[in-house]
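One chain, subunit A, links the two complexes that follow: it is found with subunit B in the first and with subunit C in the second.
Entry: the complex of A and B
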């Protein structure tokens, strides 16, 4: 290396060092702002849900700031979020979490999108003792590792479709049912599967097909041919949006008749946009639905939230946005109860959280998962090609009767 | 449970037909790969991403209200030029270099394509609807989506057309000459540069057709290209280069094998079984070669 190059490198390192020490001085609270950090998938395969998450966060930040902000020790503060794009890559997410904490001096984190990325970030936040409220990592394994600084506003993955099995048993006069299931081999879907295994045991149901679909899932014809042959009472599929779309496509093309079809990641907007009324009667697990009767003073009801969200972003909020907004409400509540910016005080306040938001009741269990909110099931119902989600379970919020059994393909127009 | 297939003979018919129909589609992609691998000695990691891009072209015309089946004509035309451009931009710089460089270059292309598709078409999974309905056989116990039958038919049609083209046309003969010995072909007046560009274009066009067919039979997503690359790579390895009937047979064979592995070993071992088969075939080939004393150390 020649002299000039050496000089150049020294110069650059000096500037970088200066910048690092400068940014660290921002720390947790900058003037009237409480700075939160989040690595989020703005590009890469999770980018659409990443954007839903970010929109949810931003919506809540705006609302809370507009309605007076967060009051700590008699002074009003506003929320501000530093975002980095993690490119849907767990390694990158962990690096960015480290950067947010070490370079940007962030002391409070919001979660990324998906269980996989949350899993990558949690060890980092844990190491630096940074409280993280996350809204999009439902995998059960997040809550069994003994993390002390991780709090999830959503119900864990194993609860996603348990309700569906209960519903099938109820329709069968309380007797156990025959279950066929196909799950993608990823952390989330396998957790959903564990939930079904528990539910089957509890209700005396029998699992007659238990397929594990490859991650690069694009064809489940073999599974569906088996389903046709053994005629189960309920077919359960989980493999993110791709799994839901593949299932609907092939079930309709192969004319597979099952009395009940339960899935994850299948809200009507996505399914019917692609498949029209072929997706009708599918049961979908969801963390939230706008028709639920929960309320809070920031967003009012779910319906009001949906309306405001639609006005701001131009589309109906998926549950990913709603739960992300709820994460900010939890933080605000915790800061005010802690009445301090001390991380451990905030963490202790988070442990004691017990509140209602428009998204649902929130109370954290020992592992950090939300234990106060049940999952809901909706059924896709269509008028022509216009389909919508109608809540059918649990009965407390059901707006519609559960349509059972699904009519045979030969009888569907 | 594992041996359900032997209890229900109709499942065997279903599995065979599913396997063959899907295998034909994969064979088409593999044929493109074998062609440009044979001619240019390039392993194209971006093969699957070209397929997906072709699929998105069909999906786009579907969004414009045109039936997605027209994609099998429009998509290869556009993809031919994409392939041609790609050759002029990147591939011509690596065509004479060693295999590793070409793998790196096409790997880079794959990443750029994935991000571009993600940027343009979004990260949501999409499908195009052909509304072709379903063929039901044996009293509804075997069902075949007509879209799959259509896709197999189109694949065969294009493959046959290409074989004839390669045999009869000037360019086809030039391509075959270049594949046999590029230097000799050059000396005899073949513009190898043009041949390479055309070969890469034809490969991309084949990917375009396959992509359009996938948009109506399976699902599209910017990041699902790699499995198609791997699958076609496997088919080519099993079949060998420059052996078109073998590519077709190996495509269908792998499709069949995969379906049956699903029933007998379980869905989770489906891909694993195919890879195991690949290893066995490679070991067997080496064994055969060493026996013939043709294997050079």
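Entry: the complex of A and C
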């Protein structure tokens, strides 16, 4: 046993030496590069949205670098991002944030994908006073903790589907409606649920089904069977990309008739492409849509962004990509206004952010959430077999009228 | 004999000094070192089950997750209403003072050691009658069920997750938190090692081995196998719970299936590490966990997006080429270093006989 112990000691000391020689800290600003760090879900259950996020970041980095970069104290800098894969796991994300800050010397962070992971990373960035601009953590509880270094370019999750309930009530002649809802067991979806509860209380609506869906969800037939039996006015489903896909698949399979179907993550799931006509009339909450009239000098309009994105990555940008790109615009703006690489100066500049990007207006509230941009709702509409997301609310940008109620399956061709 | 002990003493004191100095030598790697300590503890306690007793369990993650939730709940619940804490996400409305924080985590860890041990006793009584694959599958179910149940309990945050109390703001030193959790986990590691080492020199281990090698015979010899199996599992649960409690505090955010009852990762890792190092040995899990952790931290980022493929390959390689783990492989190659005497004459005689 003793010899083995010796072997072990040798092994340990070898590693010790390796570590000592390796402990070199990179600079936050490396030559002409401003180094940002991000842990992102490249594998695991959030991998598709993680990639949307990464594409959004990369697109903006390329664009900003190409258009002259960031000017601080008269010198031009370029952005560079260090990525790690957090495997869609909060534990890993927190560890990687620590690693980015302590080992890679990153002083400015970009957010991960999903509220759960942002919740895990925020305490770390807060501890080390690292400004983090995040684009994919919408959970309300992120903004009630008094975090000082967290900035989100998106609207909080509880606002996602509140508007949908208002719409339903309006269509019902101002009377309360019967709501059936099913939400995934995760931070984001549970917050969407809280928003619905608030809206229900406000409008005097009644919640008749309130189901929880497991993570990694592939089946919600039990909920849908209940929906078939009790006939609610609105069915609300939220469970990231998989939730949206599962809902449409099973609703069409089981021929569930419901006058209104409200969801999240329709565009990330590419519903209109993947399920075509089956997804028609689904109402979706979105942070952004390419038809909105916002503009900036880097990406032009939303439509231009969508076209460039399509060219670069081969698919229509979901809002997850757009908001991620916007995060870098925010950083660039903050660096230039701070005119310094001091973290606190950058943080103070972030607080004062007030700008328009192709993605929308950005101004941070006291909790760090974006208060300048409303949520929008779109509805999937088809012409022949060609389906598209059309904005139906708010009325300022609505390109189409909201179609209500959804025709019964027996009447749909 | 005396000489060997002296050598051991030197080795152990070297390791302890290294362990104590590590957070100062590699200040930037404190979190990873803390993980390493916890991983070693998990591998060692799994080894008691899977290696010594021959009961391959995937259920130890249950105790790890329980410990995590218990420590955090006690730490909050001692001073504030738990339901309001999780409802509001904590932090802003309720702030632990320095004393409250440490008292809370102390009591929390105590609870997180005892309760899982008791639960292990109760569950063990019910399911340790199962053997082989049946036991493995049954314990696999335990971890999954626990995750789903925890995800539905509102008072511990349900699907929203549970934000554990932040490190007291009065301690200005940003390194203090890292050091605190490192030394906590290092203390746990030392405690676990001493305990396992003690077991290795005791009759208890022989009984566990007897159960592994032939349970029916062991029973026929008059050993109350059930009793020992339960006690063995309770020992594992005790340390797993503590490990979970420390990790919860370190991570700062508990999610039911991804952080606490994380059978897919931690639950598999602890088995993998023990097998990699060599199950049924004292040093095997330690070496296995260390190697695994370095592999994971060093290589995973180089093969971004493919790390799980690499992990799969690693598992296959381990199972095919090192079925007995590194220690088993070394033992076969250099048996004399393990104190096994081979009688050359006898060996030759046997070869000739064939």
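In this section, the second predicted complex is superposed on the first by the 380 of 413 C-alpha atoms of A that agree within 3 Å, B and C clash if a C-alpha of one lies under 4 Å from a C-alpha of the other, contacts with A are read in each partner's own complex, and residues count from 1 in each chain.
Note that contacts are C-beta pairs under 8 Å (C-beta built on N, C-alpha and C of every residue); 3 or more make two chains touch, one makes a residue touch a chain.
Everything quoted here is computed from the prediction, not taken from an experiment.
In the superposed pair of complexes, A:85 makes contact with subunit C only, with no contact to subunit B. Residue contacts after overlaying the shared chain place A:43 against subunit B and subunit C alike. Of the two partner chains, subunit B is the only one touched by A:270; subunit C is not. When the two complexes are overlaid on their common chain A, residue A:394 makes contact with neither subunit B nor subunit C. Of the two partner chains, neither subunit B nor subunit C is touched by A:405. By the touch criterion stated above, A:221 is placed in contact with subunit B alone, subunit C being left untouched. Counting the residues of subunit A touched by each of subunit B and subunit C gives the higher count for C. In the overlay built on the shared chain, the residue A:176 is in contact with neither subunit B nor subunit C. Contacts of A:229 after superposition on the shared chain: subunit B is touched, whereas subunit C is not. Contacts of A:254 after superposition on the shared chain: subunit B is touched, whereas subunit C is not.
Shared interface residues of subunit A (contacting subunit B in one complex, subunit C in the other): 43, 185, 212, 214. Remark: subunit A residues 1-9, 11-12, 15-16, 19-20, 23, 25, 42-43, 83-85, 87-91, 94-95, 98-99, 102-103, 116, 119-120, 123-124, 127-128, 139, 141-142, 144-146, 183-187, 189-191, 212, 214-215 touch subunit C in the complex. On the side of subunit A, the complex with subunit B involves touching residues 43-49, 182, 185, 208-209, 211-214, 216, 218-219, 221-223, 225-226, 228-230, 241-242, 245-246, 249-250, 253-255, 270, 274-276. Within the complex formed with subunit A, the residues of subunit C that make contact are 4, 7-8, 11, 14-15, 18, 25-32, 35, 88-92, 148, 151-152, 158-161, 163, 166-167, 174, 177, 247, 251-253, 255-259, 262, 265, 282-283, 286-287, 290, 294, 300-301, 304-305, 307-308, 327, 330, 334, 337-339.
The touching residues of subunit B, counted against subunit A in their complex, run 1, 4, 8, 10-11, 14-15, 18, 22, 115, 118-119, 122-127, 129, 134, 136, 140-141, 143, 145, 147, 218-219, 221-224, 226-227, 259, 262-263, 266-268, 270-271.
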